[in-house]
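Should a chain be cited, it is by its letter among A, B, C and D, assigned in written order, with residues numbered from 1 in that chain.
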């Protein structure tokens, strides 16, 4: 069997060899592969090998109704699904001219930030596991699980919520939810010093993460790096601030930037974002009860809902970077064309390939996890 | 003659059973630190029996099989040459130096077997394991040398007797604390626990040496882990903690030595190979050399 | 052996004096005969048989020496410049002679079969090998300082001749060797002249009287000249640079011979002059001012550095033969260290290590030569997976590396154990730690050797290789077998080293078949190896009785992260085998000694150019004037001073 | 309301498939013991084939902690007992899954995770995914839902343990016994030149799992193409260069 992606090295120099990193490898994030050519343990060439998770989203979405696609989009990025729903819904709203009620906007922001915390906690865990620090992973994933409980309470699902629909959100918050969210945030803040001791300030972690996978500012801008990875290069670019959507202009938060551009800086940028997300959520807890009104603007019969002809581009700052949907409607019940702009396809393919050159075997997993790419979103 | 037979049969068996307990302790301690329940008491046995009971057993050639035999054989030999309460039969026929080198035989066997699997991950794992051995063995050897100089003998039985004659005050840990501490750090590296777990490194080289081990081959590695923890614990106990007066005390000491390692391991990440060498050649080596200087000065 | 001596044997009937004569005569006849007949296909076998006969003669001589004969004199003697040159074989020389002839026996056997037929000028190689044997026997049986020097020169030139056989880089390496050897010979000659000046004699006894008569400074000069001169041959640091390229470029069988014994000639001379004649007490009392060290401990440290540094250089080699020769240099350090410790245990350990080293190093070189014979290269990056194709060669190499690394059950462990133990008992913990470190480095290095050649992925172009022929496999297996047997029963080898040790003088090491029993920890290899084999047998029982039958899979049925492997994917991890270690100790390989050597070369060149310029340029009158003025000043001062 | 649900008796108790060697009482006792241990020590292959993998970390980490029933993740297929197909399988992944499955040691168990493995689930009309897992490798159990919760994962693992203890989870034997059928389905999807480096037929012969369905016309095709068996490299392998992506 010759696998489709295999390009053989016909007569390699005798001191080089190939190694397959993934898809069935614990050092890889999800079902993804990197083929590396090595000399000793230094990487000469790395070729990202995706496509293991390809489902043809953009094609499938053309065959489903506008409202059916709400169920499909969160599956594009598994660890951080809410921005997908939100962005898709917002693009549809832009074409359809729907107005989202203010309360729904606040709830959306709350879910977005909760999802960001979940994704970052997950990444911390994965990042720690690449260097054998499983304790952090066990604690972090458990912490995330408590957030998933809250998601379940609001949306009825742990992972794929399908909660944000064009025009608003599906349901209002349950009774006493904000209190429970507040308690959980207290708990997270109480646990943060533990994580600091264990992970962010651990000498081993700092030793290993600093200086690997360095992206300079120019490289970051020319390679299309977005999100925390960009802000780890000390570039204060954040869509929530630069191209505000929903109710972000009303919220106080800092754009976290870290100097360095290496794996450690990217981790620290995410840590700062978790703290900022907690801050945002606290403001929401304080203000949401005072905001009344509907949670959804009325839709026509969703099964026979033709959007007007038009196109829209909506973008969101997700935990991975800039997530965007470009949707074209030809006036029918289904999208004419959907394009998903995921941040991970830049991070996991072009950036990763370049960062790995000159790195060592032991850095591969760490660089990949520090970029926090999301393979299902790369492959779509 | 009968005492020899008893040695040959019971010493490896005791080592294995104790090793199972040590493995269980390591897993339980880890579970507790990770705030979970952890495996049931018989889990190490289940794992080993399960692996041996696999219905297909994949081999990568004769050397792969031979390596498993060398692995078990080397450790069984090491167990027989260890002085434990009640069984000192052969500890006098080979001394501490012999024991240290016998312990390298299973390592060499494993290395050869992994090499014959022809998996680059395995080869890198062995390369790292040998590098790690060079890193931790130097402070360990210094500690051993210092202890031997202090006791004036390499005969294991005599080392134990010297320490037991004077009670806990004459234990190696009390008379030469620096050497004992340096040795303890080296022993931590020897057990291959984080931050020195560079040769398993799942996220880097997919468990390295174990990558092509399956079925009873993997089962042998699990058994090896039991033997390894036990042997290291006993050697350290013999050198610095007064050896064994009787079984309860002796086992308590062995468990304590291993416990120190497994208790601190879970809050560290894994060093890079070169960081580990630098660390090992800096701190434990320095401490052990200072201890050696003290021993020589006396 | 004492049992055997109760009866009268035939060698007691014949004249003992003639045993050495027979040996030298046979060697000379063989060498000259091979120069004439070497081209015949039978030449190798003839030489092998003759070496076998010589071994038998040596065995008889050994029995005689063991029975208390001090030495076996030769009838051969010359009168040169009023000095009587004599040859006689004592226990020390006999021990080295045994190794020499033994190594020649196996090398010749190996070269007689298929391997020899593939060589271009095998006849010359056979002849040169015989010449080397003759030269070494002359050296080993030298009876005074002058004959020692003659033998020394003969050995150097004979080795030079055999080294140039490879052609190309071999000639350059041999030339480099020759420069070192000549420099060493000059040092030895100067030392001998010093002795002659003081005592007026050249006998060994004269050396002893000279040392007692000399001032400390003179003894120091003598010591340094001898140590440096003989140290060149055994590649003591810092005179080690020539050996690895010179030995590894030599064709296979000869290379095995050179590696096994040639460098040990230096050790022989050092033992003879410094240990036997000068005595370790004299060396120990030769203190270095302002330090705690003496000449003896300085030499021990040199030996220890020779042990460690070349071992770690070997670790970084990418050629199998280079790797092994660098280890050869390192192993020499163990032997010298053991002998210099001076206790009976240390001396026996050092001498036994000479014997052990000869067995496993010869086996290793023959195995590597077999690999070159089949696969065409010894580049560690271009081999791999040969275990399925050349299993017996693998077995030899495996046993050899276990010996080289000094692990049980091979003999290398026993001698190393004795050296460790003697260092520990002699209160030298730092040297012991260095010895341990060198052993650890050796383990890393030899694993790389066996992994890169025999384990891992089988290359596509090696899919159809066959095992080496019996004529090659058998000698190396026998050598490895000797290594195992003397590891299992070290008493056999210790019986042989006893003869040498008795010749050196000092206490004898009490030993038994299984090893030694000491108050501070003993070694009984019968138990160790027996239990190890039994336990491996138990491991085999566990392996075969528990669990289902094994099923051998193809090499490509392998975990590759879920990928599919095929023959044209190269996934063998061989180059830079210890990258992490290389990153730590890599900066240490700055090659300071290499640069020093180059610097000396440049200095010599510059001096030569200057000297040349002095004569070439047109200032001759000026120089004449200068010379005249200096001459006047000299004569003037001459006149003033008295 | 009875407090017990009625037991459905419609399917007979599946007998343990009898091994050739399982005649004596001793081997039977040993096999029971082995099954007992097998059920209590399950190593899960660490292969995130699809999005269901997101629920595995919660399952193994502190909150649900599957190690307390003996389930732990393992890295390579050689060491693993369970292959969790966590969700949809793209065709490219399926090849790796089959390879990994064949490299695992018997007894080995496959759990289809989520609706996608049962009928294609959310991606029923995707051109890139495989709709039914059990056509290609024998699946022992399925979990419905998208996404199944950690509790569901735990439940299916407990069910699998029960099955193993009772000697019922024998999908792996089916793969040996009906290899031709599975291979046919695989060939229909991947083309005639499909083969893995693993020689399933030789393994089945070696261990006595050869049945009528092991070999057939599909395996005949396989033997013709099996480079691994012949130690040769086909001449028609593509050369490097044409489509090679060069890095700056």
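The working rule: contacts are C-beta pairs under 8 Å (C-beta built on N, C-alpha and C of every residue); 3 or more make two chains touch, one makes a residue touch a chain.
This is a predicted model, so every value here is computed, not measured.
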| item | value |
| --- | --- |
| Per-chain Cα centre nearest the global Cα centre, belonging to chain | B |
| Inter-chain centre distance, subunit B versus subunit D - centres from mean C-alpha coordinates, in Å | 36 |
| Centre-of-Cα separation between subunit C and subunit A, whole angstrom | 65 |
| Chain centre separation (subunit C, subunit D; CA means) in Å | 58 |
| Distance from subunit B to subunit A - Cα centre to Cα centre, in angstrom | 43 |
| Shared interface positions of subunit A, touching two or more other chains | 1-3, 8-10, 17, 19, 23-26, 41, 138-139, 142, 360 |
| Residues of subunit D engaged with two or more neighbouring chains | 46-47, 61-63, 75-78, 95-96, 100, 103, 196-197, 203, 207, 237 |
| Per-residue overlap in subunit C, given as positions that touch at least 2 other chains | 548-549, 551, 553, 557-564, 566, 568, 571-573, 577, 579-580 |
| Chain-level touch network, classified as line, ring, star, complete or other | complete |
| Subunit B residues within the subunit D interface of the complex | 27, 31, 34-40, 42-43, 45-47, 49-50, 53-58, 202, 206-207, 210-215, 218 |
| Parts of subunit D lying in touch with subunit C, wherever the complex brings them together | 47, 76-78, 95-96, 99-100, 103, 196-199, 202-203, 206-207, 227-229, 231-233, 237 |
| Subunit A residues touching subunit D - in the complex, by the definition given at the top | 1-5, 7-10, 23-26, 30-31, 45, 47, 51-56, 59-60, 63, 71-72, 75, 78-79, 122, 125, 137-139, 141-142, 144-145, 148, 157-160, 353-354, 357, 376, 379 |
| Sites on subunit B touched by subunit A in the complex | 33-36, 120-121, 124, 194-195, 197, 201-206, 266-273, 275 |
| Residues of subunit C touching subunit D in the complex | 460, 463, 548-549, 551, 553-554, 556-559, 562-568 |
